[in-house]
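Input: a single structure, listed below in structure tokens.
As written, the chain order gives the labels A, B, C and D, with residue 1 at the start of each chain.
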Amino acid sequence: MKPWSIPLRGKLDELEIDSSALKGNHLGDPHVRPLMVYRPPAYERDPAQRFPTIYLIQGLTGQVDMWKNRSSFRPNVIELVDLLFSNEQEDVPPCLVVMVDAWTSLGGSQYVDSPGTGKYMTYLCDDVVSFVDAKYRTKASRDHRALTGKSSGGYGAMVVPMMRPDVFGAMATHAGDAMFDLCYARSFGDTVRALRDNYGGSFEKFWADFRSRPALSKSSDHNLLNDYCMAACYSADADGTVRMPFDTATGERIPEIWARWLALDPVYMARKPDYAKALKSMRAIYIDAGKRDEYFLDIGAEAFRRELDKLSIKDYFFELFDATHAAIEYRYPKAMKYLAERIA
Amino acid sequence: MKPWSIPLRGKLDELEIDSSALKGNHLGDPHVRPLMVYRPPAYERDPAQRFPTIYLIQGLTGQVDMWKNRSSFRPNVIELVDLLFSNEQEDVPPCLVVMVDAWTSLGGSQYVDSPGTGKYMTYLCDDVVSFVDAKYRTKASRDHRALTGKSSGGYGAMVVPMMRPDVFGAMATHAGDAMFDLCYARSFGDTVRALRDNYGGSFEKFWADFRSRPALSKSSDHNLLNDYCMAACYSADADGTVRMPFDTATGERIPEIWARWLALDPVYMARKPDYAKALKSMRAIYIDAGKRDEYFLDIGAEAFRRELDKLSIKDYFFELFDATHAAIEYRYPKAMKYLAERIA
Amino acid sequence: MKPWSIPLRGKLDELEIDSSALKGNHLGDPHVRPLMVYRPPAYERDPAQRFPTIYLIQGLTGQVDMWKNRSSFRPNVIELVDLLFSNEQEDVPPCLVVMVDAWTSLGGSQYVDSPGTGKYMTYLCDDVVSFVDAKYRTKASRDHRALTGKSSGGYGAMVVPMMRPDVFGAMATHAGDAMFDLCYARSFGDTVRALRDNYGGSFEKFWADFRSRPALSKSSDHNLLNDYCMAACYSADADGTVRMPFDTATGERIPEIWARWLALDPVYMARKPDYAKALKSMRAIYIDAGKRDEYFLDIGAEAFRRELDKLSIKDYFFELFDATHAAIEYRYPKAMKYLAERIA
Amino acid sequence: MKPWSIPLRGKLDELEIDSSALKGNHLGDPHVRPLMVYRPPAYERDPAQRFPTIYLIQGLTGQVDMWKNRSSFRPNVIELVDLLFSNEQEDVPPCLVVMVDAWTSLGGSQYVDSPGTGKYMTYLCDDVVSFVDAKYRTKASRDHRALTGKSSGGYGAMVVPMMRPDVFGAMATHAGDAMFDLCYARSFGDTVRALRDNYGGSFEKFWADFRSRPALSKSSDHNLLNDYCMAACYSADADGTVRMPFDTATGERIPEIWARWLALDPVYMARKPDYAKALKSMRAIYIDAGKRDEYFLDIGAEAFRRELDKLSIKDYFFELFDATHAAIEYRYPKAMKYLAERIA
């Protein structure tokens, strides 16, 4: 019943997965996770066929049911996916789309294995992929699997295929975190100030306050959560202790911790032989970002693109478009079509 | 499965209603509308009992399935409602909660009857209420019905009970539109400028552009849509022609059109004998707003409150709290509890 | 010695004038005022000649020595004036430029006679002009006198020649206050809120605080000062009592007070026969404003221009250029050249 | 004649100095510079006495006559200085105040010697100080000389006494540049974007555009000028070539260039034995900044203060106050009094 919701022509399965990788994670977050799988109409129509799979991952603070969130006057993401893969005219190769949850109680996981959060890359690459391949008629190989997402999801879509090219053979990033000096360091001053003015310099006091009231209701919440969560993902010690890359009283950058962050910056990663080789093996690379992105991820995108050029990778999609970081979910189908045509 | 979604203890019915009031509406918008009804656990437990009803209405550009939208780290509104009415400890009188759709292709309806949009007050007060009373075990009288909402929904929750006290005997407004000189007129300059710079001075060109691309992707979209939609609700001629309350080239206020707007401003309405009488008949009046509301609806709330004082209405709830206009859905349960205790 | 200061080729006289019009003004502000007169090189060169005069007036909170304020990398206004009138190549008819002070302890005077501030129009038109004509070799008639300024100075440059066409026969306005519904009413909500949150609703408390500390050091200072000062200029009672055009607790517009403001809005003034006649008698009308003016004075400029069109005034200059309200002093020479050519 | 200007009780000498240090500077900027010297009333009264000297230096884009700039309702800086040193009641030890120009055609010099700009530290410490000591009855030794300023002037007031403790024995910094990772790096992303969107990636094109129109009239001007000028001060090669500390296309930090910047960050400098020794030798150290400083110089101030603590320096003044970076000239007298009492 338009315009409120659009009946799906495909199917959406809402499942749960019990992840062994997430068992005993440092934060005590659940190891049973929701999982949503979209099946295109062709999946029912053609019961002998196997299908390529696109894994869709979320930005920081994403919870998997947010894919159903509606913005005014717009289809939601699941409807966008359905419109793409059920449109016979457009002749897009039909894909399964797997929506993965990687929320943590700090906001997210960046889809990496970290002692500060949990083994989210392993969970994604081993637990989730196996689960999906076992349950659905997939083309169960890296050449027929793509990873895509926006913001922290775009980050994951860049780094996971570099680290696990055995699992993913294609990637699409919308405004993915990259060039950390621009996208992350910018908020460190705000964080120092917010800790000083509101929390006696202590992240513990911040988290206690944050958990005691409607989340994200103070203007400093986002920066504090973001900086801490990134540190938990990028620079936690083996025992889970989170190391901030700056002195929380003075903002002074701590080079050895910052180096641990940069080691996970897609731009710098692309310069390492193994990751470069992985990039060269991709069947599809799609990159876009809004030119007015609040986190300068358009510049991060350009920096990542230049690494592809240096590696003589010729066949990729790149576009900077007129937008901010927000409300760009209408770009997903563009990337999915690009991926579908290359992993079919 | 926390934290992604919380299984409801009550039930949510998703229905459709075919509204005779909306048939042939000027915009050609559907007369069949979605409707969601929340039944508390007590409804099943006690099949002989009848229940009071709270009608929940949305802000501008709201579509009814947005009540399911999740914000990071927070329960969504339906979960909030369920938590309130299924919490045995708190001893809140159980209510049915009816979520009504009043979207239009201009963004909304303000819940009034207008030749520019449609008969949305009639739709709400006659069609929807009858439908609900026929289908559910309600306490089917105005003394057991409340109307509540935020922003344009808060506006509706003020004006509809004033105009139809036969239907609603209680109201709650969160940051409801009021004191139009502050909340609406502020954007007229931006609108004049956006029309000049981007649309050759023409709203028609704006709407053509707006409908050709992802909605609300330009920074001027919100103001243009808001100003036009309000004019469609408050100052459309009998044939549906929308009259703007200002000259779109110079911003000059047009007094006779602006007077039509003010006639529908809750603050001014409260001064008319019939509406004053209706207000005095309310069993519950709840008013709140964020002190940093971008539309100055905290001041509108204060202005409305002062009208209650002038009418010697003593028993109302009033609070200005520290927040902007956004992300204040956590206030709904507070109002619903207040209403429930007074319409039980 | 460039780039720090540019030696003048003309002369700047710094004088004082004892104004009878300002004696006993309501605010107790001084009746002895500074006055600066720029003489072009031609004035000395040609002792028999008489010169046209351009009166330059300031924006709100202007004090006359601010004309010497330097902005980085830019000539100051006096240097700009000197560059214009000492440039033999450009062949601009030489003029005297008179810089008038009309500061008040509320910020300014809007160059009108008001019981709330003082008789600043009389001071300008009678006291200052007589003083200048007596002291300098001027062409002492309205056809050879122009008035120009920016912001509130632009306002004065529109309304004073309308009210006193016997004195001024030409005008130039840069971003002058006009279309008050856009330029002034926009801040009323902020003012109500600032009074509520910081001053117990009282302007008296605001002024006491304002005078106790570095002026304009709080973010709400500008709006509070502006709203109050405009009321002192436009809607003070005969005994000097300042009437605000809105209820300071609710923001409700008070129509009879607002009408007093609109009676002094240049756009509405232009519709009155006497003022229209004055406009038609002008030898030069110059209008400009920045398209991104924070007070929407570009739209006010357009509205004023349309009134000229309605009066069949054909010969005027009009331009909207790419700028905000700030730092547009480089536009002064453009207007002065235009005026000089027409009042020579 | 209050409130427009306050007659000085002391004297202001406006001089020129021909600097040998600035001869042949890379930018071709003048070597003859303006200089203003304020003499307190005591200087005339007591012709046998010698006086301590406070050198006052400016922020980026400062030109020395800007000290005369008036802000609404406020004394200008020269009047503030005069009020301080002519107030018999307050018993502030009288000082000469020397206002030094260190403007360059890139905006400023940071008061350091650089092949990219000129030998501005030498100019200040040798040329200007000698000139003043020769011309005035000064107490001509480092123990009786202080350096003070705001923003880039505050930076100079920290680093010059560290590098030239033979010349200056006291310092005061208002919101001085420090902790470069916070105060400078924050704009690099904006700069990359502005170069990309408006200047084809080229600073040369920026400067050509900048010099062709009213300076600082585009919103990106400030960041571009600031980033480039700092590089000219901190990381120019011996031949004057300016090295940016980031890749102008990708924002990637260039560690070896950035290290050259950090070597001139007051916080890091304080850790070097020579500079630490210089700091310990100071007779007065005054530090303040606004808590809402747009460049996070409050955090830089705190970082610098902590270095003093590490050096067991006990006797310093430190205050963070409620303000932004702008319009804090009213703090100058507070610092000058503190200095005067310690260098008398």
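Keep in mind that, in the parts below, contacts are C-beta pairs under 8 Å (C-beta built on N, C-alpha and C of every residue); 3 or more make two chains touch, one makes a residue touch a chain.
The structure presented is a predicted model; accordingly, all values stated were derived computationally and were not measured.
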| item | value |
| --- | --- |
| Required steps from chain A to chain C (each step between touching chains, minimum) | 2 |
| Cα-centroid distance, chain A relative to chain D, in whole angstrom | 45 |
| Chain A and chain B, separation of their C-alpha mean positions in angstrom | 36 |
| Between chain D and chain B, distance of the C-alpha-averaged centres to the nearest whole Å | 56 |
| Pairs of chains satisfying the touch condition | A-B, A-D, B-C, C-D |
| Residues of chain C touching chain D in the complex | 1-5, 16, 30, 32-34, 61-66, 68-74, 101, 103, 105, 107, 214-217, 323, 327, 330 |
| For the chain A and chain D complex, residues of the former touching the latter | 179, 181-182, 185-186, 188-189, 192-193, 196-197, 246-247, 249-253, 267, 291, 296, 298-300, 302-303, 306 |
